Amino acid sequence: MLHTINKSPFESPSMQECIRFAAPGDPVLFIENGVYAVQSSGRYASDIATLLKTNPVYALQPDLEARAIGSLVEGVKTVGYDGFVDLVEVHRVNSWL
Amino acid sequence: MLHTINKSPFESPSMQECIRFAAPGDPVLFIENGVYAVQSSGRYASDIATLLKTNPVYALQPDLEARAIGSLVEGVKTVGYDGFVDLVEVHRVNSWL
Amino acid sequence: MEENIKKIMHVMRRAPHGSIYTYEGLEMILIMAAYEQDLSVAFIGDGVYALKKGQETEGISMKGFAKTFMALDGYDVEKLYVDRTSLDERGLTEEDLLVDVEVLDSAEIGRRMNEQDVVIHH
Amino acid sequence: MEENIKKIMHVMRRAPHGSIYTYEGLEMILIMAAYEQDLSVAFIGDGVYALKKGQETEGISMKGFAKTFMALDGYDVEKLYVDRTSLDERGLTEEDLLVDVEVLDSAEIGRRMNEQDVVIHH
Amino acid sequence: MNIGILLKEGPYNHQASDTAYKFAEAAIQKGHRIDAVFLYNDGVINATKLGDPPQDDRNIAERWSALATEHGFEVLACIAASKRRGITDELMIRGGSITGLGTLTDIAIRNDRLLTFGD
Amino acid sequence: MNIGILLKEGPYNHQASDTAYKFAEAAIQKGHRIDAVFLYNDGVINATKLGDPPQDDRNIAERWSALATEHGFEVLACIAASKRRGITDELMIRGGSITGLGTLTDIAIRNDRLLTFGD
């Protein structure tokens, strides 16, 4: 099951809640303001590093660019909208609004 | 200056941000989902107790009733919409949306 | 998966009354209940507040809807899951809730969530 | 307080692009700037992200507006305050910002906030 | 006291419009004057007369319209915000109209208080 | 693959409608079929043709209308949510219509995926 997170971790508990319920192995895709979580320099970098030990982590490239996030936690993969579609082909979707 | 907080402390950093910027002595009024902060049994009861040492704290009674919050941190005063108006008569207003 | 029966989970995540999401979510559940799918409802985070006993909304001139969750049983929506961690964090226990629910660990709710065909957050 | 001159502070609290609040807030500031009031703008929490250099919004098909904050100077809106704690928490420094601002402690921003006649959060 | 209100969220979806209304009502009852309610962001959706909520629910737009016309204040929707969201002159409730942000500035200047309600 | 989309926020105020659109566009380009876009909560505001954003900005409602009519899917606004917010049949974009939540249930049942976009 693909989990998407669209809220800034500074402003919402969405990411923490998603991590609490997501199964190991499930991919997690950060979109919209959610992408602030995967900055290498941010306060949530260590949470993302921990998550990466059990789950693949993606971030939506156009949302990263719009927010000028260039340096990501190592291991986070970027995808475009087409890559988002690829993930949806393989997985059912759980959007943590 | 009267500060109002309308978001649940579990879902938003509004309360923490307000507390960080509010001057000692300034009244703080919790409204809407903000009133979950002043429950005596909740996780934020100690933050409210600390805040009460420097600032008067109010909660909007109709919002407490709508959310079935009966037991408040000691020292929190309840007001109706008319009491909200009373506070606005005395203070300029800073609504932390 | 049985043919034509989908597993659909509604996830209530917000406190009531401050926004309409929980209420309109409940309206959605009531309609979907007529379609004989495999429905469940999970209450997570501030979503657990929707089930709190004693909500009196007259003072804010809104319709209360907490009791409507009690009616779900009559629509054969019997799978109501409440996250234990979310209750604990809010100083609530099962006795504070208006409706018979299963209080479960996050991991168990996560397992049931993972079996769904469709998950809708409100 | 000078007669007919009001002290009005706009507080930017949200990350850009995920919602319109910062952008429509900026539109409000630009109009108010023509009225010769004592305007200031504070960036707190995720609001500091609005000023980050290098935002490229083509991929999400939205207009970028970060550079419009640079234009505020031309409208005599020169009091731009950024909360140091908010920058630190986000791993940002003044060099990451597009616009000349005063980076201040929360207490100092709080003091200036407290002098205002009107405070509007966006 | 003269009070201006800035309302930043639409009806029903958030409680902001309800709280603003209850506050305005209480302020009027205590002898204060509501100068204007200015609608911004999704708040402009409060001004459409096409809203038709269930019979047993409050009618938010109608309630604002009644309070405004009875007590002589205007409900003003920002034109730029209205255009984005499809709110036009033809849709206005009685007591409502569309105007620019300059009007909000005037409201901020001429009143003793400007209160913001939103999310 | 057949994909249904549930959109829970209005245009401009949140990014949800933009992300849903970009996703739908990409899915179509990859040969998938968008079955329908169902609008709920403030999402119904995406269906009004009266939106008139600045010339240099995207027109969200028009963009949905064009994609829907070109690729043969409908943009469906929930009737109860629409009534609360003043969205009526007369306001519908081309390719848009008002319907009930039963239709959303059908969409959830008959498609390989139902994706939710909101705030």
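We just call them A, B, C, D, E and F in the order they show up, numbering each chain from 1.
We adopt the following convention: a contact is a pair of C-beta atoms (placed from the backbone, for glycine too) under 8 Å apart; a residue touches a chain by one contact, two chains touch by 3 or more.
What you see is a predicted model, and the numbers here were worked out from it, not measured in a lab.
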Between chain B and chain F, the fewest steps along chains that touch one another: 2
Pair sharing more residue contacts (C-beta pairs) when B-C is set against B-E: B-C
Distance between the centres, which are taken as Cα means, of chain E and chain C, whole angstrom: 33
Separation of mean Cα positions, chain D and chain A [Å, integer]: 28
Junction residues of chain B - those touching two or more other chains: 6-7, 10-11, 13, 32-33, 62, 80, 92-93, 95, 97
Shared-contact residues (touching 2 or more other chains) in chain F: 8, 12-13, 15, 19, 22, 41, 80, 84, 114, 116, 118-119
Junction residues of chain D - those touching two or more other chains: 17-20, 45, 60, 62, 118-119, 121
Contact pairs between chains, per stated definition: A-B, A-C, A-D, A-F, B-C, B-D, B-E, C-E, C-F, D-E, D-F, E-F
List of chain D residues in touch with chain F within their complex: 17-20, 60-63
Sites on chain B touched by chain C in the complex: 6-8, 10-11, 32-33, 36, 39, 41-43, 45, 61-63, 65-68, 70, 80
Partner chain E, residues of chain F touching it in the complex: 10-13, 41-42, 45, 48-54, 61, 80, 83-88, 91
Residue numbers on chain F that touch chain A, as the complex places them: 1, 3, 8, 15-16, 19, 22-23, 25-27, 29-30, 32, 113-119
Chain A partner contacts - residues on chain D that touch it in the complex: 14-19, 45-46, 49, 52-60, 62, 64, 89-92
